[in-house]
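Since the structure comes first, as structure tokens, the remarks are kept for the end.
Order of writing sets the chain letters: A, B, C and D. Residues in each chain are counted from 1.
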Amino acid sequence: MTKKSFRQAINEALRQEMQRDPRVILMGEDVAGGRGGTSGVKDAWGGVLGVTKGLLTEFGEDRVLDTPISEASYIGAAAGAAATGLRPVAELMFVDFVGCCLDQIMNQAAKFRYMFGGKARTPLVIRAMYGAGFNAAAQHSQALYPLFTHIPGLKVVVPSSPYEAKGLLIEAIRDDDPVIFLENKVMYDDEEDVPDDPYTIPFGEANLTREGDDVTIVAFGRMVNFANQAADRLEKDGISCTVIDPRTTSPLDAATILDCVNETGRLVIVDESSPRCNMATDVAALVAEEAFDALKAPIRRVTPPHTPVPFATVLEKLYVPDVEKIEAAVRSVAAYRVKEEA
Amino acid sequence: MTKKSFRQAINEALRQEMQRDPRVILMGEDVAGGRGGTSGVKDAWGGVLGVTKGLLTEFGEDRVLDTPISEASYIGAAAGAAATGLRPVAELMFVDFVGCCLDQIMNQAAKFRYMFGGKARTPLVIRAMYGAGFNAAAQHSQALYPLFTHIPGLKVVVPSSPYEAKGLLIEAIRDDDPVIFLENKVMYDDEEDVPDDPYTIPFGEANLTREGDDVTIVAFGRMVNFANQAADRLEKDGISCTVIDPRTTSPLDAATILDCVNETGRLVIVDESSPRCNMATDVAALVAEEAFDALKAPIRRVTPPHTPVPFATVLEKLYVPDVEKIEAAVRSVAAYRVKEEA
Amino acid sequence: MQIARDILTRSYRSMRTIRDFEERLHVEFATGDIPGFVHLYCGEEASGVGVCAHLTDTDTIASTHRGHGHCIAKGVGVDGMMAEIYGRRSGVCRGKGGSMHIADLSLGMLGANGIVGGGPPLICGAALSHKTLKDGAVAVAFYGDGASNEGSTLESLNLASVWKVPAVFVVEDNGYGEATGASYAVAGNQKDRAAGFGMPYFECDGNDFFSVYETAGEAIEHARKGNGPAMLHVHLARWYGHFEGDAMTYRAADEVAKLRAEHDCLVNFRRKVVGAGLLEDSDLDTIDTAVKDEIEAAVVAARKAPLPEDADLMKDVYVSY
Amino acid sequence: MQIARDILTRSYRSMRTIRDFEERLHVEFATGDIPGFVHLYCGEEASGVGVCAHLTDTDTIASTHRGHGHCIAKGVGVDGMMAEIYGRRSGVCRGKGGSMHIADLSLGMLGANGIVGGGPPLICGAALSHKTLKDGAVAVAFYGDGASNEGSTLESLNLASVWKVPAVFVVEDNGYGEATGASYAVAGNQKDRAAGFGMPYFECDGNDFFSVYETAGEAIEHARKGNGPAMLHVHLARWYGHFEGDAMTYRAADEVAKLRAEHDCLVNFRRKVVGAGLLEDSDLDTIDTAVKDEIEAAVVAARKAPLPEDADLMKDVYVSY
């Protein structure tokens, strides 16, 4: 057990799986970097933010493949390779670039198995960075996991910490279905204790980062940390929260969410993605259908507004959900009394 | 006022707007057809299902442009043309093909205005067919409006009848923002009375196709008809329904939906799109947050299951929501009594 | 012509099977009993068969919406295909894919594809698998003249060259994408595109099995030897509309009649092999009869086969979920 | 060299402005006060300026993530640009776009673009507008060697040819896409790609304003005359990393020093025009001083300018909603 950053945890998961299984290969733009360069230095980048650094050196050019800038072809190639015997981990760099290759994800990889009557396996992992907070503006800051979650045939992982990232990525690589693995770019330097040995965290099993009696908070990815901070503050005022990290949006651990809401009767959902048709609406709808009787207050959603992500720091700060907004939402549902009771 | 099919209503809207404004142009694959053919026949197709038939003859090749099979380039071209003085109506054929051009919609057209500080106008309409029921299988039967609804900067229209289609399409063409206009392919031969003159139907104003006291049904596109049929049947058993056709999913007429639920206290949402992060969850979340006090029953969603669309007729019929499933959902919420009352 | 007798008979049988399969589908579609979209390969048989004659089950192909011919050429059985097209549970995809999604990965058939340009990226990946797993196999993407304008196709040409994988890109140029002529929609030409993406270009007459066979052999050999990808441009023609129901008003009235009369790959084949004394007319007649019976049986069986069961709807979305 | 004196001075001023703007950004970025990603155009000035010297405000250009140079060359003011890069309300995009999204449609500048290959499709459309509105204008897509492998770019070459619109595709080939060399990532070559998509190919030395100016003139004239699109391949080099912060370990140690010493387009320009007696050293010195002051003023103003207001967050998502 050593302190590792989110970046290191992901790198270690990749390395250990590549050591374990020769069919695991990496591909993407500058996942190594330096090919065709004049210095002769290999592994010049190891990914645009250094996440895959060192893997070329250990596994060589046959297993760490730099690609031209052509997402449709190499994400499709990853799908094709997955269907024919390899276990590719393809890096899309920014998830925003899915606009250049959605067909290969949505209509090819995700649908093979169903269209082909169960006769295909597509053990593909697509890693990508998501999220605002980097002043990367509208085309490099989206969350977009709702898009993937909407598509049957995909699994979608949104890890909330280095420990989670390592275990979930190893699980993703060993999984036989196409998995979208999303890394919040603001979290790469976050550190925590992470076991050195490989381990897996199963999909569809939520993690309760804390348990409380008054309000259930469901949060995704980076928002889990904000939710926990909000819960810390609220605790001091006697409002005790359960915080649920679903880990995967597809499959979603509906049972755990419903159990918790049945206990607390109050729910706040924190989702960094655009507010329409997102995970906050998805969880709210689930609960409004299946835990209706338990609900003692409106279901509150803390999300960005329905706008593209702005560039300027002041605006971006307003845009992303934060601890204050979560706190306020929890207070409002905690204080809520239905008319009959009032 | 003449009986017109859904197909004719759309054709007429296009024709009348092209007559009115020379900047309105059409483009897409085989929107005319016949270019480069050996018979010399022009307008050989008029769209894959004949929706744009006759427009080439009336407006010529400069305003009805056939394109190579390359959605990214021509949908992007439509966006670029819109930003520089034209008002293009681009046809994507099947909405499933958005996987080939999402970037130009999501990261370009939808974001220009915001990224550029309000200095762009992008009066672009993208028409596309959606929906199951044609045995067109997994890659030609999706609904996908949740994807577009999720993206800030887009408007999304899902017309439910010929009358609606004409008025909403004219509105879309005159609108200064990018609009996704989705046509259910199963409805092209549906007929109803449609005024001959041009008229517009504003976005964000829901249509109540019927009003009732017991249950509110919100339905989209083709599902509006199913909802009305279900309401007819239920009426006979003394269950009276309000049926809301929001017409546009973005903007969404939240006020009307909330008003109706405040009256009926019971809500069923019928959505032909895949169930996760879809419009059914979107509306459910809205109501669970903003009309919570009024709710007397769980919010029920009638949607397809979380699977790709199957090919075989028997399976496809099971897949798509139908009148029976809507009826059953309404009955269940109508019969529901919260524990306290019970 | 240095072609083994068994390759000749196998190839003829394959072409004949495709022809009869498609002609029969044309008839059956008109009855209204076949659901969905059906795109016929009739007239293009020599291409799929001439290419696949060089492949084994270890090699991979990816096909298009017009996929029946490639499937048959790669060895997928007509019973399972016919049942699939009829939407039956005994279909090769259990009735869940239909005409546009027939696949059989155990035979290296990575699927017909409803998305134009869907296949070439997949083939880059399959070729990468072959290279990485060192199984000596090649991967072949079939695609049309129309698909040659899709970004995914063009990117794939570049990617395959950069990675130097054993991929062959077969442009089946029938002169049309739906109702639009290639002379309108394809600017420039395939040959310069091949050069533009750094791979050798081969060209052949798709109405002539031997032209395809020979040229495809060279292209595939190039790839199989580890020299990187190659492009094979096949000139051919489709005999029916884009899909069943297309009135083909964009084609000259006698265009198809002429093709049938003068450019029938089966007639060409027979003339050549019999002329050269490689096979007897009777050899071919025997095949014709056998195929006729096989197709008849496939239709009869498909029509009688049980439909999918309700529970199938939810099956096989995931391996596990 | 038959170039009017005012074009020479304007072009030099434009190149000098880009250079100083970028060199200053490099310094300012290091202070930590500039948020987000910044990609510098330093070293490539002659390309944007040589091309835009042939354009008026009616003509349209689309740019890339490395967009500052194109913006300045097309006439966007440095005050508004600098303020934008600093995220200020007085920025040309009100602080909502930043370095990667600077645009000014009133000047025919359709935007920098954070998406590689984002611009070429837009330029097909702008060119279509020009053709349809018969305003005599052309539309120019700038894109990099890396972007020349994106499907959207490749499709656009074909589409522009098919539509025969007045578009020019300018490949700014600096030999790298991020940390990967074009010699690895670009299979084949741009010339054959131009032919493969049916358009003429022009090529020039991007370190030499006159080479660019002359060749771009031909390419643009071709398009403006209604002959359809053209490709202009500009060979050049970037002097900084892919983005600020890139240590450039993939480049030979002396690569940039050599470029600066031997291939500086500003030095080249001065040598040529002074040598040919077209301008005096003092003319250029005057420009240098003026630009220096202008950039200084822009930075000072940007640093002092007010930030966006909270209400701006929700503004300008739609024209109406």
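The rule is short, and it goes like this: contacts are C-beta pairs under 8 Å (C-beta built on N, C-alpha and C of every residue); 3 or more make two chains touch, one makes a residue touch a chain.
All of these numbers come straight from a predicted model, not from anything done at the bench.
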Looking at CA centres, what chain is most distant from chain A?
C
Starting from the mean Cα coordinates of chain B and chain D, work out the distance between those two points in Å.
40
Which integer distance in Å separates the CA centroid of chain A from that of chain B?
30
Could you please state the distance in Å, as a whole number, between where the Cα atoms of chain C are centred and where those of chain D are centred?
45
Listed in rising order, chain A residues that touch 2 or more other chains are 67-68, 70, 72-73, 96-97, 99-100, 103-104, 107, 114-115, 137-139, 152-153, 306-308, 310-311
Which chain C residues touch at least two other chains?
93, 95-97, 101, 113-115, 118, 149-152, 155, 158-159, 162, 184-187, 317
Indicate which of the five shapes (line, ring, star, complete, other) describes how the chains touch one another.
complete
Given the complex, residues on chain D that touch chain B span 60, 62, 91-97, 101, 103-106, 110-111, 113-115, 118, 120-126, 128-130, 132-133, 139, 151-152, 155-156, 158-159, 162-163, 315-321
So in the complex, which bits of chain D are touching chain A?
35-37, 87-88, 93, 95-98, 100-101, 113-117, 146-147, 149-152, 176-187, 249-253, 255, 307-308, 310, 312-314, 317
Report the residues of chain B in contact with chain D in the complex, numbered from low to high.
23, 25, 62-63, 65, 67-68, 70, 72-86, 88, 103-104, 107-108, 112-121, 152-153, 155, 175-177, 204, 251
So in the complex, the part of chain B that touches chain C is made up of which residues?
29-30, 33-39, 41, 44-45, 48, 66-70, 72-73, 96-97, 99-100, 134-140, 305-308, 310-315, 318-319
Touching chain C in the complex, chain D uses residues 149-152, 154-155, 157-159, 161-162, 184-199
